[in-house]
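Okay, handing you the structure first.
Think of it as A, B, C and D in the order they're written, each chain with its own count starting at 1.
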Amino acid sequence: MSRRGAVPLALGLAILLAMAFLAVAAPLLGGDRDPGLILPAERALGPSFARPFGTDLLGRDLFTRVLYGARVSLLVGLGVALAATAAGTIIGMIAGYVRGLDGVIMRLIDGLMSIPPVLLAVTLMAVMRGSLWNVIAAITLAELPRVARLARASVQTVRGQIFVQAAIVSGAPTTTILLRHILPNIAASLFVQASFIGASAIMLEAVLSFIGAGIPPTIPSWGNIMAEGRSLWQVKPHILAFPALFLCVTVLGVNLVGDALRDRFDPRGA
Amino acid sequence: MPLLDIQDLHVAFGGLPAIEGLSFALEAGETLALVGESGSGKSVASLAMLGLLPASARVTGAVRLDGIDLLTLPPRERQLRRGRDIAMVFQEPMTSLNPVLSIGRQLIEGLPAADRETRQAARARATDLLAAVGITAPARRLDEYPHQLSGGMRQRVAIAMALAGRPRMIIADEPTTALDVTVQAQIVALLRDLQEATGVALLLISHDLALVRQMARRVVVLYAGRKLEEAPADRLFAHPRHPYSAGLIAAIPRFGAGRGARLAEIPGTAPGLNERGPGCVFAPRCPQAAAICASPPPATGVACHFAGGAA
Amino acid sequence: MSALLEVEGLVKRYRVARGRFVQAVSDVSFSIEAGEVLALVGESGCGKSTIGRCLVQLERRDAGTIRFDGMRIDTLSPRAFRPLRRRIQMVFQDPYGSLNPRLRVEQIIAEPLVHLGWAGDQRAVRARVFELLDLVHLPRTAAERRPHEFSGGQRQRIGIARALAARPDLLVCDEAVSALDVSVKAQIVNLLADLRAELGLAMLFISHDLAIVEQLADRVAVMYLGKLVEIGDTGQILRNPRHPYTRGLIAAVPRIDGVPPQDALLAGEPPDPAAPPAGCRFHGRCPRALPLCTAEEPLLVPAGAGRKAACHYLEPAQQGPRIALSELS
Amino acid sequence: MLGYAIRRIAAAVPVAFCVALLVFALLYLAPGDPAAVMAGDAASPADIEKLRIALGLDRPFLERFLHWLAGLAHGDLGTSVFTGLPVSMLIGQRVLATAMLMLTAMLISGAIGIPAGTLAACRPGGIADRAVLIGGVLGFSVPVFLIGYLLAYLFAYRLGWFAVQGFTSPFVDFVGFLRTIILPAATLAFAYAALIARITRATMLEILAQDHIRTARAKGLDEAYIVIVHGLSNAATPILTIMGMGAAVLLGGAVVTETVFGIPGLGRLTVDAVLRRDYPVIQGVTLFLAFLFVAINLLIDLLCAAIDPRVRQ
């Protein structure tokens, strides 16, 4: 069992560590180039030794910009995974344990879930000024219902188990039951879910920026770089290709880790 | 020649033996019980006979039906014998029927081709089968779904399904365990009546000695994957020769013994799949265990160094 | 004199679907004296487990009163009930599900000690845990291990140790030995009998196994479809059942020697509890049912020798045993 | 069945109401002043105030919400600030392209995902199983743009088999429709097929291990018959349910796919409205798509009830 999941897990972790390294070391690896440095003489160059990823329409170095873009993606992925999981778990635990609130909370969650996450995030971003924190907030809200539903379902499953009833008979107060008996038994599935939320958030940020509703264009993010390459995709595909490839590999890394963890916790896999 | 002849059956999962060297025979029309507690391998044995174990199981030995070894048959031929030669009734009436197909459909699909030449003929036969297992308004039940029936009714349907292929023997794996006592008694009576009426042989698999006592002529006692004793039921219950059989019979709560009567215990617990050595598997819990018990017990007769050889 | 536990007119309903209710427990009354074992028997769905759950407030009763030591407990809020949990404990059926797989055995057994006001220092708790492990015949090394390292019987011992931790006066055993193998079942039944004698425990022993009930219980209460149909001294009831259902139940018990009297076998199965029959709930399966039984519900009335039964046409009281039980096994 | 349908439809009403409330409240509560955002950075405070009054943004929440709801009841989703056209009309013009895109994507994904997942479950560890596992990870990891541009670059730009941009109605020119729809639908289907294959595999693995499958085998039935009739009939409910929830993936993916392939659909409408800060359009389209999602799931629940007698109860 540990053997089967070991290779993908190692691969996923390696990808994530490499990306994290690139993101942190972006100023060093990108040389002295500023990701925002505009060189009109060097517009839309193809990849070369000096400019491994080429340049964009304004003559900015794409390699440097892609490295800086990793910062945005990882920050969004991690930020949303943490925020959505924390908030969703609390909401789900309340809905799953306090019977009176369940109906109201779940109708609202169902309503929120009926709006596809991309659309919800886009809508939110339409009203808010584009900024990294607003993007994280919008995506968190879009991903929240999934976590809340899973948490609620898990709480209800565990809550129905006899050891929870035994704890009640043993006089354990509600906080003890939630924190000692229920939370540890749902933590594994929430952790797995958090990794998938992270992957989804990285993807969503790219979508938002790609359609022009995300991070402001002044900050290099993979979605922004792709948005800039959109108009010339037939003749200058490299502008799109490099950030898309990085996005792909990063999300793959997160998904590999998530899958491996899920297989470890629940071999049936859904 | 016996109807079913099992020789030196071994089943292992991932190198761990679940059944080791099981041999017994079943005559046509006979009722034989395979008795054991959980982990004894009794259900594994029944699934091995039908070839229903997962591919990860290693099965060796011989399961001869009319002299033909089922284990060496090509999968397709073996599949055709299931339901026709050997049918099976499972323990859980709540889960052993398909919840989304109607009772009629599940009955009819198991009928031999000759019995379902036309839709009407198939329905008529299915109705007869339901009537035979004591289901009231059988024609109406054909269009109902399992969840609309009570546990006892579902078990009757499962028995009707086993009869559908006109088999020569039925394996009943804990057929009454999941049922309430009053319903249990009804199913026992039904199985006994059906056997009398059709002459089908019955291999009863159970942990319940009292049930075995009521139904079986002969009994094979299994423990930790090994056969410890085989005897006619009367003799086994009167004079068990293996210490485990004796302990098991003594441990049954006796109705009518009166308040405060103490049950005979067998200390300890049965060994897991990875805790079974070459010696007697019961020795760690056996009151008579001695040094010799670390060596393999006699291969024939009662599997005990102290039981005095062949039975 | 007041009993340790007095239950009167207990009713528990469950909502099954839009406006449809199942009356799982319907107007049930009984009492348990200090140190007495009352067995609650019946088939699945008869409401016996629900009663146990109401006693420990895992369910709230819908009507009726529950008195413990003369004090009314059914109306207490969960918070107010908590001090009483020390005195009423429960052993569950499923030895696998009833122990939190993530806790060590010591933490499991100590849970009532921690929450029910026995809190001494760590050392005192540990000493009590060892005492309890000794009591249920488990090695003290078990304290450091986790539930999955134990067999079903050993787990059930852990569950019993937990229930006894706070030194309760009343133990509710909900099918506590049903899930165990024969050879292990005997161990646990004997353990419960010993503990009962040693600690003077009162027990509500919920079971469908009449043979075990006979060995453990002072009195028996028989339930059918949410109703109490017969209650009284164990020997009396099992030897000379006066309610036809009790008689059928006893006749259905598989016996180690030969076939039980077939004439007493009950036909059919309990009807849907959501739509119980009018009149006597048992009339559809009763071999002796008469028109009165479909019209009028029989009351639980004295039926001689301190017992009660709810039937319009009681089985005749007999001097000697009706079924020669002692010769049966 | 009828009773179930009525109950299920009745249950969808509060959800729909919550959706409406949420869509409205999100735009109301979100930090930032729509009027200020709409007017742009150069606008003076007076301009912003004028716009606010014009949009009715100065009224209290409840009044605005009720007013909006009343409009909804008459099919009035408001008027586009940018084009001056009714939002319902804009949606009406573009709904066909999106509906066709989603429908085609659903067909492609179902046709690939269900057989693949079933085969994978029949032989765990086999080739199909590996393919589904790997395809599953890739399907969730490869961004829609990458597949979209890759397919467009290869099959439309380089090979010229399909149209690079645009959409042709199937009622006008079916061949033209196929030339415009296949690439975007395949793009959209990628993640959805992966989802269906995965859930089919997981569900079938679970069901093939159930007792009633053992019963069917003990009856001597053919293995293929067991998998298809006994297995899939039980797996249908969970698979369909996940397909319904996964429609969110399709709806979200449509936003990107329509941008990549220049399809004049609802996704494109949303993107344009966002870029122009055209709030009534954003609100209208979001609500419409959310209702569509609720309706798809309602339909799927009814389908499940038709298949599984237990659901009907």
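List of remarks:
Rule of thumb we're sticking to: a contact is a pair of C-beta atoms (placed from the backbone, for glycine too) under 8 Å apart; a residue touches a chain by one contact, two chains touch by 3 or more.
Given the structure is predicted, the values throughout are model-derived calculations rather than measurements.
Taking the definition of touch as given, a chain qualifies here only if it contacts subunit A and subunit D alike; none does. Of the two chain pairs considered here, A-C and B-C, the higher C-beta contact count falls to B-C. Note on chain placement: the centre of subunit A and the centre of subunit C lie 52 Å apart, centres being C-alpha means. Spacing of subunit B relative to subunit C, judged by their CA centroids, is 31 angstrom.
Of all residues in subunit D, none touches 2 or more other chains. Taken pairwise by the contact criterion, the protein chains form one closed cycle in which every chain touches exactly two others.
Chain pairs that touch one another: A-C, A-D, B-C, B-D.
Interface residues of subunit A facing subunit D in the complex, by the touch rule stated above, are 8, 107-108, 110-120, 122-129, 134, 196, 199, 203, 206-207, 210-213, 226, 230, 233-234, 237, 240, 244-245, 247-248, 251-252, 255-256, 259, 268-270. Looking at the complex, you find that subunit D touches subunit B at residues 210-212, 214-223, 225, 229-230, 233-234, 236, 307-310, 313. Residues 56-58, 82, 85-86, 89-90, 92-94, 97-103, 111-112, 115-116, 159, 162-163, 165-166 of subunit C are the ones that touch subunit A when the two sit in their complex. Residues 161-163, 165-173, 176, 180-181, 184-185 of subunit A are the ones touching subunit C in the complex. Chain contact summary for the complex, subunit B toward subunit C: residues 37-38, 150-153, 180-186, 188-189, 207-211, 213-214, 237, 247-249, 251-267, 269-270.
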